[in-house]
Each structure stands twice: as structure tokens, then as C-alpha cells.
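Below, chain A partners chain B and then partners chain C, in two separate complexes.
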Partner chain A sequence: MSGYAELLDRVNRVTGVRGSMVVAVEDGLVVAEELMLGVPGDAVAALVASIFRRARRSMSAADFGDAAFVQVDGEDGLLFAAAPPQLGDLLLVVVAESWVNVGLVRLEAARVVEALGG
Partner chain B sequence: MRRADLAQFAEALAHPVERFAREAGLRLVLLINRSGQVLAQRGFARALDVMGVASLGAGIHASSQALAELIGEAGFRHLHQGGTASQVFIGPFRTPAEDLIAIAVFGEDSSIGLVQLFFATFVAEVSALPGWKEARPTTDARAFEKDLEAGLENVFGS
Partner chain C sequence: MSASPMQVKQWTDELAADPASTAFLPLARAYRESAKREAALRLVLRGLERHPHHVDAHHLLGLLYRDAGDNVKAADEWGIALALAPEHPGARREMGLAAFARGDWASAVKHLEQAQANDVMDQEVRAALESAWQRSRVAARAAPPSSAPAPAPEAPLPEQWDGGRVFDALAAELGSLSQERGIVGAVMLDAQGFVVAGRMGADRDRAGEISAVLSGASSEAERAVRHLKMGAWKGILVETPRAVVRLAPTGDGGMVAVAGRRDVPMGWVLRVAARARESAERFLAAMGGAR
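On to the complex of A and B.
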């Protein structure tokens, strides 16, 4: 199993996660994905990458350094994107139910990302 | 094919083009048909720029079509050229009456992923317009030039 596939597989094991992707920040294109049927991966990737780029610019304008994490809560679901330095110019994007334990997802992702970087 | 009812039809195209530009964060958009007629544009200030982009875009599309056929493909879905500050997307698509080419220029406010995403919506919207009837075949190079001029007059006025 490739590094990215392992990362996505581990994240997807958390209850409430409907899928996850590795996305190129600048292009908004999917690099790797593991999504449940019905999740529009390409659209989510393009839009979340766009949100993340803007967040990154805002953080930079405020002189707060680089953006590391963006979360968007909806009534019926939740999107989040993380840009750990180990992934370079890539984002980890997670699509989940609104009741998901985000802390657990982040922890799981951090573990695998750390292993990838090492 | 060239359109005989260009003025009226261009009006119907204005809304989808405007929406595509706004949603995908485009700097410039140009919609031409294969005979070089400019059907719609957004962001261009001068007719000369439109003429240049239309001619070059149509040329790039024709070359890539030839390349696609050479390697056994019916055609490419789209072309993307990435620069430092600006990128170009050339997306050919079919409508019930003729083939069109959308040429979009975007910068760091957008991405190829976003452009692809909203291009699909744009194609569906344009293809569903009710005005796909009044078109006539372009016969030669002179007609091509005439069509290009007619399109420019239509979007910028004579």
C-alpha cells in the first residue's frame, strides 16, 4: 500500500468519516482518494483547496505564519483540510459527518503523516 | 459553422459566460466557434486582444486535435498551460449545432481544478440554450476572416 493510500485508509477508519483525499493545493486536483460512493471528490477537492489558499493568504497578511488547518462545519457534514509540512504542497482533505470526532481524525492523520515524513 | 443570428444569440450567452468567469475566478474568457466567430467575451478591453487570443486559441486547438488523432484519440478534453502568474485553459465542447471553444485565462485567485469544475456547469448551461439553430457552414478562409470580424463587431461594436 502506498504512503498516501495508508494515510487515507487510517483516517477513513475513524467513525463518521465519509472519505478523504490528498489534494494539490495550487491546482485543486486530486492526487489520491478514498471516498464513499456519492461524495463528489473533484468538486470538493477544487473548492476546499480554494478555501485553503485564501486562508493561507489571510494568515500571511495577518503575519500569523502559514495556515495549517481549515475546518468548515455544515448542518449535515463537515469538511476539513490540513497541510502538514511533511506533505509539501499537498493537503489532506477529509469529508465527514457533522458529529465526527475531529480530534481523533486529526490525531490519526498526524500519526500517519509523521510516519510518512520519517 | 457561422451563426446568422449572432447578435441575439450573443445576448443569451452573456449570462453563462459571466457566471463561469465569476465562479471560476477567471480574468478573461472568450467563447469562439471553429470558424473563428467570437460569440462572447469577458474581461477583454480591446478588440485587438480578442482577435489575437481567438486566432491563437483556435490554432492551438487545431494543433492539439491533430496531435490527438495522431495518437489515436478522438480529441483531448481540454488543454492547460500553466505560467508563473497566469494560466490558460482551452476547453472545446459540443453543442447540439456546432463545436465551440472556450478560452479562459486565470491567475492565483483560481486553479485548474476550479476551472474544470465550473467549465462542466458552463458547458451544460450553454448546450441547453434554445438558440442552436441559425448556423451556416463556413466555406473558405475569407469567410473565416469575415466571421471573426463579425464576431468582434458584435462584442465591441463597429
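On to the complex of A and C.
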């Protein structure tokens, strides 16, 4: 668990990130979280996991392969959910401002995921 | 069935002895039935702090918010309950009745059909469902564009209705976008998850297969960004090893979905998706169906 916390902390250092979580994809339960005050982690985790499961089923139906990354764009912020093979049944969820450098977040997320897999 | 004073005391004692006990739920229900709404609300909120994924607690919190007249918060709680347990009968029922109360016939039909399947003897659900069916059909038939002249009483409908030409234009535009470099599909879905036009898939059309699964993504995305105070949702991007898919909301509560091969730049897929959305909005405006 402390390993997750340390790695989430790395993602959160990217300017514009409001927090990140490791979430179980099947039930939306939070495994680890590092969130700014006021971010409703449990509710968002449940909804993001549900969106991810839906995306995964639809991509499979379209024969596009397994969904590995989902991004939800709001007018004033972004949500990312990444499910690389290294994480098994877990999602890395990132909550960020709309002006965040998406590429940088994804790069840091990829590093985090690689480290988790290792 | 109301709780007896003995049961209330038992739950109260249990909770006092163990604050993590789930006895908060029947106790809060008993308080609600005795019109002690504030006490019930405090109990459920405290209970959810310890049990944030307790589906029945989210359902009860929704009922308490509805009792207080806060229908938005109520729908949020039932939405969370359904996100945690899509088959939850109580949350499904309340979502359907709430949609019916606000006149969202399509959403009401979707939820109430499932609620009716859960309990065929529920007369309130049956009555609301039948009414929602009728009203959704009337709404679908009604409303030519407001600028159009009123038809003569004897005029046959097909001569007045221009929907066929409007649909052909939409189908042609989405078909054209599907032929763009690296794009493997562009499709418009309505709020119930039905395909309006377009196709999806490199070899054969899979639009129908994926549309039903995607239909709930819109409301889930909306709730997720609302919880985070991020304003309205603007789109969802999904990446797989073989494809990039962009979903964008349309004015009728539906969405467009555009898929590109993974080897084309993501920015290109986003631009094609923006054009697909413009086509869908033109279609809705011409049909008089946009909200």
C-alpha cells in the first residue's frame, strides 16, 4: 500500500493534477488515494470504474481490443483512468484541471505503472 | 412495516457499542418512517463515511434528499447506487420515477422498464411507464421546426415531413467521415442507445452491438464531472491497442462515437469527431429534436 502512495505522489507532482487513486476496476473500490481536500474519491472511483467497464465492453464488442486508457473531459477538468496489464484488475485514476499538460500526466502515469509492474 | 421500539433500541445500542456497525441503516429507515428526517440524514451520512460503498445507504440517502425536495442530490445518490450495483431495484425504480416527474420520457421508459421487470406488481411504476410510453411517442411525432408553416388539416403527413431528406444528409455526412484517413467508423446514438445513423467497425458494421453498451456512458460521465464540479462533460476518449474512440455528447442526451486506427494521430480523430458532432447537431436542429 505504501508503494502505491509513493507512486501516486509522483503523479500528483505534475502541475494541475488534483489527485490520483488506485481503484479496483470490477467494484470501483479505492485501493489507495492521494487526493486534494474536497475531491470525493469514493463516488468518483465508483463512477470512473463503471465508465471504464462500459468502455471495455463496448471496445470488445467492436473488436477493437481491450480498453487501456479512458479520459473523461469536463469543461473545467479532466479524469483519466489507465488499465495497463501490469496493474492487473486495478485502474490508475487521475483527477486534473482542464489546462493540465495531458502528455506529461500520461508520461508520468506510464512511469508509475511500469514501476508498479516491476 | 414499521420498526418496533424494541428494534429501534436494539439498533441504537448496537451502534453505540460499535460505531462501524451497519445497524445505522435500519435505524435511519426507522427514523425516516417516524418523520425524524434530520436524524435519519445524519445517521446515513455518518454511516456512509465508514461504508462508502453501501448501496442501500446511497439509496436511502437519495430518498431522504428527495423528501427534502433536493431532486438533483437524490438522483446523484441513486446514480451512485446504480454505478455500484446496476441491478439495484430500489435505485432503478426511483431513477425512473424521478425522470418521469421531470418529463424526461426517454430516460423514464429506460429505467421504468427495468423497474417493472424487477416488480411486475408495482402499480405506481406500471402507471408511470405506460404514461411515459405514450408521451414519448407523442413527443417523437410532434414538433415540426417552429419556423415551419402550420400544415393544412387535410394535408397528408408525408408531404409535410422532411425527415427523410434530413436523415439522408446525416447518413451521408457520417458515411463520408468514416471514409476519412484512418477512420473506421462514425455513428450517432440517441439517448436510449439506439443507432440513429452511421456505422462502426473495419470489416463489418458493429454499431448496433456497441451502442447498447455505450448508452449509459453519457449519464455516468455527466455525474462524474458533476461530483468533481467540472462543469458539463465534453467528451470521452478511449484507447485500445488497435483503436482510438472519441465519444461526444449531443443535444438530445445521446452522443456521437468516432473510431480511428491507433496509427493515426489522436488529434485527427478528435477533429473528425468534432465534425461528426456538428453533423448530428444539424440533424437534431432540423428535426426539432434538440433540447
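By our rule, the second predicted complex is superposed on the first by the 117 of 118 C-alpha atoms of A that agree within 3 Å, B and C clash if a C-alpha of one lies under 4 Å from a C-alpha of the other, contacts with A are read in each partner's own complex, and residues count from 1 in each chain.
Assume a contact is a pair of C-beta atoms (placed from the backbone, for glycine too) under 8 Å apart; a residue touches a chain by one contact, two chains touch by 3 or more.
All of these numbers come straight from a predicted model, not from anything done at the bench.
**Q** Taking chain A as the common reference for superposition, should the pair chain B and chain C be classed as clashing or as fitting?
**A** Aligned on chain A, chain B and chain C clash with each other.
**Q** Classify the contacts of A:50 with the two partner chains as first (chain B alone), second (chain C alone), both, or neither.
**A** both
**Q** Between chain B (first) and chain C (second), which, if any, makes contact with A:26: first, second, both or neither?
**A** First partner only.
**Q** For chain A, which side has the bigger count of touched residues, chain B or chain C?
**A** On the superposition, C touches more of the residues of chain A.
**Q** For A:42, decide between first (touching chain B), second (touching chain C), both and neither.
**A** both
**Q** Is A:63 contacted by the first partner chain B, the second partner chain C, both or neither?
**A** After superposition on chain A, A:63 lies in contact with chain C alone.
**Q** After superposition on the shared chain, which partner residues are touched by A:6: those of chain B (first), chain C (second), both, or neither?
**A** Touch status of A:6: no partner.
**Q** After the superposition on A, what does A:114 contact: first (chain B), second (chain C), both or neither?
**A** So A:114 meets neither chain B nor chain C here.
**Q** Thinking of the overlay built on chain A, is A:77 touched by chain B (first), by chain C (second), by both, or by neither?
**A** In the superposition, A:77 touches chain C alone.
**Q** Could you tell me which stretches of chain A are touched by chain B in one complex and by chain C in the other?
**A** In the superposed arrangement, which is not itself an observed complex, chain A uses residues 27-29, 42-43, 46-47, 49-50 for both chain B and chain C.
**Q** Please name which positions on chain A make contact with chain B in the complex.
**A** 23-24, 26-29, 42-43, 45-47, 49-50, 53
**Q** Please give the residue numbers of chain A that touch chain C in the complex, ascending.
**A** Those in contact with chain C are residues 27-29, 39-40, 42-44, 46-51, 54-55, 57-59, 61-79, 95, 98.
**Q** Where on chain B does chain A make contact in their complex?
**A** Going by the criterion above, the answer is residues 25, 108, 110-114, 116-117.
**Q** Given the complex with chain A, which residues does chain C contribute to the contact?
**A** It is residues 52-53, 79-80, 83-84, 185, 200-203, 206, 209-210, 213-214, 216-217, 220-221, 223-225, 227-243, 245, 259 of chain C that touch chain A.
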